[in-house]
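One structure is given below, encoded as structure tokens.
Chain naming follows the written order as A, B, C and D, and within any one chain the residues start at number 1.
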Amino acid sequence: MSNTFGNILRLTTFGESHGKAIGGIIDGYPPNIIIDSEFIQSELNKRKPNNSEISTQRKENDKVEILSGIFENKSLGTPIGFIIPNYDIKSTDYKNLKNLYRPGHADFTYQKKYGIRDYRGGGRSSARETANWVVAGAFAKIMIKKYNIQVNAYTKQIGNLKFEKHYTEIDLDKTYSYSTRCPDNEQNKLFEQEILNAKKNQDSVGGIVSCIVKNTPVGIGEPVFDKMQAQLAKAVMSINACKGFEIGQGFNAASLNGSYFNDEIFKENNKILFKSNNSGGVLGGITTGQDIIINAAFKPTSSIEKEQQTIDNQGNNIKFKISGRHDPCVVPRAVIVVESVVAMVIADFILMNNEFSL
Amino acid sequence: MSNTFGNILRLTTFGESHGKAIGGIIDGYPPNIIIDSEFIQSELNKRKPNNSEISTQRKENDKVEILSGIFENKSLGTPIGFIIPNYDIKSTDYKNLKNLYRPGHADFTYQKKYGIRDYRGGGRSSARETANWVVAGAFAKIMIKKYNIQVNAYTKQIGNLKFEKHYTEIDLDKTYSYSTRCPDNEQNKLFEQEILNAKKNQDSVGGIVSCIVKNTPVGIGEPVFDKMQAQLAKAVMSINACKGFEIGQGFNAASLNGSYFNDEIFKENNKILFKSNNSGGVLGGITTGQDIIINAAFKPTSSIEKEQQTIDNQGNNIKFKISGRHDPCVVPRAVIVVESVVAMVIADFILMNNEFSL
Amino acid sequence: MSNTFGNILRLTTFGESHGKAIGGIIDGYPPNIIIDSEFIQSELNKRKPNNSEISTQRKENDKVEILSGIFENKSLGTPIGFIIPNYDIKSTDYKNLKNLYRPGHADFTYQKKYGIRDYRGGGRSSARETANWVVAGAFAKIMIKKYNIQVNAYTKQIGNLKFEKHYTEIDLDKTYSYSTRCPDNEQNKLFEQEILNAKKNQDSVGGIVSCIVKNTPVGIGEPVFDKMQAQLAKAVMSINACKGFEIGQGFNAASLNGSYFNDEIFKENNKILFKSNNSGGVLGGITTGQDIIINAAFKPTSSIEKEQQTIDNQGNNIKFKISGRHDPCVVPRAVIVVESVVAMVIADFILMNNEFSL
Amino acid sequence: MSNTFGNILRLTTFGESHGKAIGGIIDGYPPNIIIDSEFIQSELNKRKPNNSEISTQRKENDKVEILSGIFENKSLGTPIGFIIPNYDIKSTDYKNLKNLYRPGHADFTYQKKYGIRDYRGGGRSSARETANWVVAGAFAKIMIKKYNIQVNAYTKQIGNLKFEKHYTEIDLDKTYSYSTRCPDNEQNKLFEQEILNAKKNQDSVGGIVSCIVKNTPVGIGEPVFDKMQAQLAKAVMSINACKGFEIGQGFNAASLNGSYFNDEIFKENNKILFKSNNSGGVLGGITTGQDIIINAAFKPTSSIEKEQQTIDNQGNNIKFKISGRHDPCVVPRAVIVVESVVAMVIADFILMNNEFSL
């Protein structure tokens, strides 16, 4: 359960942040799909800390090695095993954290659940795990591209700053040219400044990622417990630091009337169309064919340089500071992770749907 | 997949709104637990439309019949089969809707996915399905009561009206004495009026349900893909009309700094305590022992009496009105459903956790 | 886990032998298939004790009520809920067995596992449960008939008597015209006599069921852990009293050489053919397109009228006799159960296989 | 599904025989168990071809690298990722087999199912995959040793030669000192000769492996679809070349009477005992506490040097010989694999059983 995601297309992962390697197995991937391994690596590169000041200084190679499931550049239909070795390990950074529970981190809960933990870099609870998800998401993207489906995420809010442009007004293909993953020159600068302010204050800041799925086929999703929105919520809420999920109007729907909210249907030029997209592309857990629109809220990075109060594993109250290498805001690096898990969900639902199976 | 929920404690359901019966099977329920069948029924009664003007006039008996798994008032450890027969069926209400796709409903998507649908009352997509969930939730509540765990939901917002009191200031045991499921005299009246306004305008309105889990054990949940918050999100987002989910500070977390957000830990009188609960009771997907706090956003009821534009199954553009019996706001009846699915998730995680298994 | 079978096409069941009803939910069944409910019932009738002397005198109606998933005689793609009420309940037969553990039955193991059991008629461990499987098998048969696939089982051995004819020499459509489910006049009489001998001696006898799947598509099954033969073995070994499973040459394969065993391949008249079928229709867990041939061994009925030694739940050694209504041989009634679970497995694998999905 | 085995303790694997590596992820393994990595490797060594003439001359290092889940020699409760690199790859052996379907192998069925295959060494269908299972089985053995449970398999039949001694008369701890894995000097020589005879004839031969589980706790297993015997059958029938499975009296049960078969229960010196063990340690799918006794039948190795008839992928009838390095009998190397999958099943059921959870 815990370390597997998906129904037909399933990712199972392993790995502690400072162990030998992290990695995973992608099962259920269809055969005979041409795999461009450079694309897989380029996706993973989007998750790497970039060289700007807004990122951690930890410099991992993050090079994925695919061990099986591909033969002469095509998928075999057999499981795709892969590993991402851990190279730049400075476990010394963590020695002084060995015996204490960092607030906001999973140190305390892992210790209580398992009675043991790999304290180095958060061990299994590290967001480094999401590198595995990006690999799987890259494979999913290759698959769903056969249906012309596109998944694009971008940064929509950092701290109190909101990017107000509608997604149809921006160039979603440019997202990764911008340090904060907001494809708008001016907004990117504002977001960057907001993050630097937090950093300067030895603090961190949260934000919101928006994700759009275009060209979704009509009729995928499941009707009761694995509704499209439920599975997307589960996937996105699995991402480290994610605290909220919404689809379509989301929380805003609470204050709306049905006469406004209902997306009326009409036919024009022999095409079925909707007058609006308040539902965010789903009805009854199944896709309408409109764009899927979701938002994910992220909390501020838990690791901050400011002094904090906590206890050690003997129960002593202590004050401490974190001096490791950390991002002052997780949002820019979370963008590709959101895209990846969403792509995995979409690919999985396509495989669950007879009409759309390859 | 689609019609089963849970890992160890699993609910599988069936039933169309206007078929012979709905029902389900609860598997993995521990043996030797005393089952008070009147409690089960009383929970189900909380979901029934109450007699006030803010509810549908459909009057279902909603009487659950337990068919197996209980012997001499105790659970056997074998699957609990149950049915809820459908009595008050006015399928004639739906005859004129047979050939058209109601906006906001799943008519269009079911037809596209399956090529067939039971159009009467929405068939499988009807929120009537959630009666099954309340039965399962009642069993879960009985089980988790052995750990003294309590799950309480209540209405927090209707339309633009927000109930601002903190949950610790209100009496959560009184929720079901109030028509809108907001346990506050004044606020309940305001919410009732908001719903009646929508009804008067032949319209509907959305809202937000908040849910609190008290006395959660420390250390339940799973660390990667079945994080407590991810599984709760999936459960809650499975509820009909739900468009958003958040835990702890949720979307508000986006605008906060880490120095504020991190819940500092300290020890006092030999107890491990937290200075705040911005995380909402989870760290790294695992419970901290603090209250779990979640919110769920619901869209306005899709069925409204106002004229709407849609197409019929021949693709003709048409105008139509819905004259059936419907709630102008789903939120009051959703409150018990939120409690139920949350109780199921908590019970499931307890069974997944060795330390806490019965 | 325990009460669910299958991957895409999944049966979840409930019910104690002497409770209100047994029943189940069939999930994942494709939409738009015409369902002949009389066929479903006729399959169930094949499992009923027939009126000959070789069967129990318990006379259940065994009437299945389908509660959902079918609309205007077609499958909806939604879960099919069904119940089989328990009518002819003589629980008094079991009062004297309440406190003791019948040898060969699951009384002892259920008590140890759960600390509680419904002692009436074996409760959940009763073979009455297999009536649920026959209902699901009937639905599976309807589905796989679309691929022209046929599943036929028959009695191959009773006690020491073996039916030596090859299955291609007998009329498998006549199986249910014979009391012992062996479609051969002479052999049926011999088998009947063997069973009556056991009965006369207040004893019981075992036997072997053979099952053939014709017109299996090439290429269904899974390659590693859900091999066709592995899933068939699991299904068949789940049947009450089953002690052995084999495919193709089965245990006989142990004494053969590869040069004999290997089924050589050749092409004739543009068709790919095999010179033999020692593998029983599978290679590497995947179907070759040849007939699938399996055998299942059943132990003698555990309930016998002869005096037996056991202990009661206080740990006292006691002697006792079983005077209830029982079959002296389970094999004739197991034949339809074998067919049913095999049909379920085949249908499930077809749905797992993209090429063959409806 | 296909590449994952188990419910709570779950193994997911990957790898083609001649790819970069094979490997897997063990999920659900309990925390705080001391892991002796030399034991893991020593188990894997038992599967290696030994140096005698009865084995293939392929000499793999088969060295397992554990990548995660272990910290300071203890299990973390997080997934255990491992790989076994492929070193001694002579793919040239297979070039001439690239375009033809070897009888008895999965070449034909993989090609038909996937439309593509890694023809080198059978790719994913190679028994090399079972090295992964041995690693997981070794971890399972460490875990169940905490309950004093022991799993011992040995060779019981090769060709027509049967080893007639009862398992209680032999020293099961010596199995791996014997080339054929039959812990009896005389019988081992006879078995060895039988295998060499087959080899001399450019042929292969089958056999039977018996497996005993001692000190099984009472009350583990599941009652309906995941019966102990069903899950064991599935596990064992997943092993390459396995054609039959039986428990207790197995196929022999068919010819027995209930008065003989039923294992009578009695109490002596305050212990619950059984007069016999015809059931093989299970009743109703749940363990009685007696030894679990199973047999598994293996077909003769499919790769033989004799000339065989088959077709190539253009459909031409051809004659060919296999000149690669192969075992003339799979049974000796299958013994540790049987032990491994049985240990995995037992460990999984223990974790599924509340009473026995760590």
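Following the convention adopted for this analysis, a residue touches a chain if its C-beta (ideal position, glycine included) is under 8 Å from a C-beta of that chain, and two chains touch if they have at least 3 such contacts.
Just so we're clear, the structure is a prediction, and the values are computed from it rather than from any experiment.
Where subunit A touches subunit D, over half of the residue numbers in use are shared by the two copies, so each contributes mostly the same positions.
Across B-C and C-D, the chain pair carrying more C-beta contacts is C-D. The geometric centre of subunit B is 46 Å away from that of subunit D, both derived from CA atoms. The mean-CA centres of subunit B and subunit C are about 39 angstrom from one another, to the nearest whole unit. Subunit C and subunit D have CA centres that are 26 Å apart. Those residues of subunit D in touch with two or more other chains are numbered 1-4, 13, 78, 113, 124, 223. Listing the residues of subunit B that touch subunit A in their complex gives 1-5, 7, 13, 101, 103-106, 108-110, 112-113, 124-125, 129, 157-160, 198, 201-208, 218-227, 229-238, 240, 242-267, 270, 272, 275, 278-280, 282-288, 295, 297-304, 306, 308-311, 315-317, 352-353.
The residues of subunit D lying in touch with subunit A in their complex are 1-4, 10, 12-16, 19-25, 27-28, 31-32, 65-69, 71, 74-81, 83, 113-118, 123-124.
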